[in-house]
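For reference, chains read A, B, C and D in written order, and residue numbers begin at 1 within each chain.
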Amino acid sequence: MIKVGVLGATGAVGQRFVQLLAEHPWFELTTLTASDRSAGKVYRDVVNWRLEVPFPEKAGGIRISPTTKESLKDVDLVFSALPAEVAADVETMCAANGVAVCSNASSHRMEADIPLVVPEVNPDHLGLIDVQKDKGRDGFIVTNPNCSTIVLTLSLAPLRSYPFTDLRVATMQAISGAGFQGVAAMAIYDNVIPYIGSEEEKMETESLKILGKFDGSGIVNAPFRVSASCHRVPVIDGHTMAVWLDIKEPVDKVVRAFRDYKPPIHGLPSQPAKSVEYLDQPDRPQPRLDRGKGNGMTVSVGRVREGLRYVTMGHNTIRGAAGASVLNAELIYTRKYL
Amino acid sequence: MIKVGVLGATGAVGQRFVQLLAEHPWFELTTLTASDRSAGKVYRDVVNWRLEVPFPEKAGGIRISPTTKESLKDVDLVFSALPAEVAADVETMCAANGVAVCSNASSHRMEADIPLVVPEVNPDHLGLIDVQKDKGRDGFIVTNPNCSTIVLTLSLAPLRSYPFTDLRVATMQAISGAGFQGVAAMAIYDNVIPYIGSEEEKMETESLKILGKFDGSGIVNAPFRVSASCHRVPVIDGHTMAVWLDIKEPVDKVVRAFRDYKPPIHGLPSQPAKSVEYLDQPDRPQPRLDRGKGNGMTVSVGRVREGLRYVTMGHNTIRGAAGASVLNAELIYTRKYL
Amino acid sequence: MIKVGVLGATGAVGQRFVQLLAEHPWFELTTLTASDRSAGKVYRDVVNWRLEVPFPEKAGGIRISPTTKESLKDVDLVFSALPAEVAADVETMCAANGVAVCSNASSHRMEADIPLVVPEVNPDHLGLIDVQKDKGRDGFIVTNPNCSTIVLTLSLAPLRSYPFTDLRVATMQAISGAGFQGVAAMAIYDNVIPYIGSEEEKMETESLKILGKFDGSGIVNAPFRVSASCHRVPVIDGHTMAVWLDIKEPVDKVVRAFRDYKPPIHGLPSQPAKSVEYLDQPDRPQPRLDRGKGNGMTVSVGRVREGLRYVTMGHNTIRGAAGASVLNAELIYTRKYL
Amino acid sequence: MIKVGVLGATGAVGQRFVQLLAEHPWFELTTLTASDRSAGKVYRDVVNWRLEVPFPEKAGGIRISPTTKESLKDVDLVFSALPAEVAADVETMCAANGVAVCSNASSHRMEADIPLVVPEVNPDHLGLIDVQKDKGRDGFIVTNPNCSTIVLTLSLAPLRSYPFTDLRVATMQAISGAGFQGVAAMAIYDNVIPYIGSEEEKMETESLKILGKFDGSGIVNAPFRVSASCHRVPVIDGHTMAVWLDIKEPVDKVVRAFRDYKPPIHGLPSQPAKSVEYLDQPDRPQPRLDRGKGNGMTVSVGRVREGLRYVTMGHNTIRGAAGASVLNAELIYTRKYL
């Protein structure tokens, strides 16, 4: 068993990590970090468990560590649910001390030698781990994209053989994306907020890196343009997106591409039976009904129409955050980087 | 005072008509129609008033008529809130009997000699009334567009001097657009439904007619293409839209066009101080905070960004339905068609 | 394996039955009935699956039967999710033809020889099955209470040794209680509806029967009075209730009674580890966070205060409907009535 | 015109004060205070206006003052929307410096010489102003109750001639009661929170003072007991309550008492046509449909049933907060205390 830890284990994404790791077949959850005032107490006593799934009792007794070199010395890999402003330095410290870092934070995503990975989309980008090692790092950092970008790029995976140059995407994003305290009820109830800080920029830049080519030393961005319009809607979990692509293929051929899609990876514990599932009903996907597919790891697609238009939806805190990092870690493990 | 009636006065749009007409300075509300089983009773006793504004007591004592030639003989103009399948014949009957019809129903919108009017956008299309009269009609029919199309085309009014050929629009539409019973709570709560029957088709065809040219005998459609993706979100009133246009002008020039916009009509009682209002805050417009602007008749615009992208929002049952018809009637009156 | 069927398998409660029975260890789901126009088609093709859990593929291929004597001849037990007005006759017909009926419908609940059972509360009331048999019935009918009444009476089970005479309960009930189409979004969004037809009457009468005594031939109602005030709130699943009882015991003793509660039944497959769970946090139970406890079969209790007041909450379509009937059937099976 | 100020003008209640005072016929809004970093800027530039009514431009140019003796020297009366922990000292300072204070804060409500007033219920309690003056205060403090308590006590006003000794009330309270940032969307969406800090205690103590008797020097509490259970529900504005009273009068007599109720005060500008309105429909009052009655100042009552039970509802930030204070100020003015 690989010994793993979670950095920032009490927040919204941190709780998802603990949920997903408590009974993991390959990883043993041994270490949890949180703010200094929690250090020394057991997880059960410091976390305000807010997920709808039962509290994972197995993790309840883990004593909270401070995030120091010392406290991480017996850990092989850490999952980072830290806020971006804290993550930058802490993750670098971990990697310098021989720890593998799978990070959900945005701090390092766009750095040239950091892989930004969606396992079904660009598993070969893990080659950048060797680039990091060549520079003398003991450990390494692998990141997963922003939640919206993961859903979008995974929905693009079945379409990679149809080159496109222009992509427009309008998102309808869930409130959980902003964390437990991120959106006030008075702000979003009976409302749409047509703005999410930095979200459009992330979708527009991260997508190009993910769909880009690894040339042995770095990533050559994919040659298309993304124009995003991001909106918060009163939905708890599940980001829905309307996508336009300048693909000229007929609708039925595109539908078939979605239906026949087989990802290039297999057998990872967190990988769903279908990474991308095409739904035939005219009014799907819907976040409340479809976000649970594949234990939250399946991205649903529907309504392919001329234009070329389609709708896609995925669970933002599972497939779009904690689950994404865990799947990255599973891929890293099978590729012998641990 | 012009004597007016409302056809279908008990539904969601019908109630809005009664609200807007009960104290109208030019129109005297004398006639209300509803289903046969209500005929003969007074409005107060048959309507289940569901609007957040107080019941207009002045209309409470109006006795419900059946929708017959006889019952409309003293009325100059009727507003139609009928469902499309009923509206087709009833409205034709009214017009044949010398009554002016301002209809919110979709039945006649796309007919060649029926004006489809947003007063600030294409007031000259009322010229089609003469075409109808020339064909021997005693009365006439004027329609207003679908709720989403009104908000979209009004937001385009300030941009007409910048020709564009491609428009993409993703809507986030309120539940009131489907009527009081149209959307089940179990269907939309904590959810997005990425499909509204016929809505995309309406936006894609009606927009071209509204922004088209009246050549004295008919409408020449505007030469652009609309690609719509329509979604229902858990919002009570107010349709929000993300719009992309292939306009190459710089952002600040487009913002100025929105700010400086002056509509070609003036002084109508239902016309708001600003038909289009540009909002500077980065997170506006928002339906809950902005749908009440101009008593629900102002369309708000914000977030103009390169792309060219912007967000627009308007009240779907006021500006997008009953208020639209009333404004049409006011324009018709000032143009001496009554 | 006992062969079972579901009557009315496509509605909200019917879908829950199918979910709970598809993989049941004791019951084999062989028969599903629905409206006549569905008969002959397979379940997968007629149901509009609306639950957040994945569709149970195992049940997908079952061919829909009409609800006739013929179609039920190989079934040992049926679960009835029929609407009350249909249930009355159909259930009687089933029982007359040797089928055991576990019904969620209200039609027969208050009849003198029909058990109205919550397994943890009044398992001995199943003795009424013998009364039914003595009257010459081949099969029999067992009912479960109304959803609110189940949650209330289960919360009272730990308090039965403290006699009380007056109970007041204010409910905050979920929209799923009215079925998929029962509550319009426009009616309940940003709203409370302080009325649910017949609900108060059901709570006030059913509770007395359930907590009453079986004397060998009939039920003697419990000697207390229930005064209910029922309200619909914008929650998807989970009925929350504020309860007042004229119990004079100190708060800590009552809390202990909840904590120490052991139900009189054991080992039923659908029975949760804790039928009643006391929550210490001052702001619990909450429907979104606690309705999933015990796979939806646990009733949560919290906030015991002087008065005597407490708050209780349970999943209305699982513990309060389909799950209640399934648990009844399991109890019936272990008591050798099948 | 009386010169008035608002202390804490940028929060949820502060904004309501500004809305209600901007065009007041008797009061001239001259002074607004907010946090130190806002001082010196104009209101328009510091407030993030979050109400659904348009921003009151007339108040937009008022320059924010610090809350000092100096800045209040030209003001006759201040409305306090300060948080309780700040309000205690600031309000005392104002009163010491000759300013009349109408406070929505809880700090001073239960002090022996401070009137806790609902104008229609206990206008004579203003006699405590003389008690304050006798102690040497230059100005004085008058408070209004907690939002839930106002709605409850106003609903009791028509029933004062039927003595009762026990009152139970279950509240379903709106999120606006906690301020703009008070309730996270993740906490309340699809949920009920059965706890609001100190709310039950406030209802249980304030009600007795309000319905108590002023004996010339102090208040003798009313001789009944209140037992409250307070719950937050996903409603924007409007607190709904289920009330039980040990009144033995027949239902129709109680309904008549509600219908015939005439408050003991008249002609105050903020006083609605009906302070208490009885609604006949079986499913009313409802917060979304009824909170706007009387411009938010009417408390609605419905569903009187044996028990004695009824449901009441009022707008919590208008009737229950800012509007309550303004109405108090109007009463104070007509009673010549200014």
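In this text, contacts are C-beta pairs under 8 Å (C-beta built on N, C-alpha and C of every residue); 3 or more make two chains touch, one makes a residue touch a chain.
This structure is a prediction, so every number in the text was calculated from the model and none was measured.
Visitor: Would you pick out the chains that touch chain A and also touch chain B?
Guide: For chain A paired with chain B, the chains in contact with each are C, D, in label order.
Visitor: What is the chain whose Cα centre is as far as it gets from that of chain A?
Guide: If we average the C-alpha coordinates per chain, D ends up farthest from chain A.
Visitor: I'd like the Å distance between the centres of chain B and chain C, where a centre is the mean of that chain's Cα atoms.
Guide: Using C-alpha averages as centres, the distance is 47 Å.
Visitor: Averaging over Cα atoms per chain, report the distance between chain B and chain D in Å.
Guide: Taking the average C-alpha coordinate of chain B and of chain D, the gap between them is 40 Å.
Visitor: Calculate how many whole Å lie between the centre of chain C and the centre of chain D, each centre taken as the average of the chain's C-alpha atoms.
Guide: So the centre of chain C lies 42 Å away from the centre of chain D.
Visitor: Pull out every residue in chain D that's touching 2 or more other chains.
Guide: Residues 50, 189-190, 234, 236, 288-289 of chain D touch two or more partner chains.
Visitor: Which bits of chain A are touching chain B when the two form their complex?
Guide: 168, 170, 172, 189-195, 227, 229, 231, 233-236, 238, 240, 242, 244, 282-289, 302-303, 307, 309, 311, 313
Visitor: Would you tell me which residues of chain C are touching chain B in their complex?
Guide: 12, 50, 175-176, 179-190, 234, 236
Visitor: Would you tell me which residues of chain D are touching chain B in their complex?
Guide: 50, 52-54, 189-190, 288-289, 292-293
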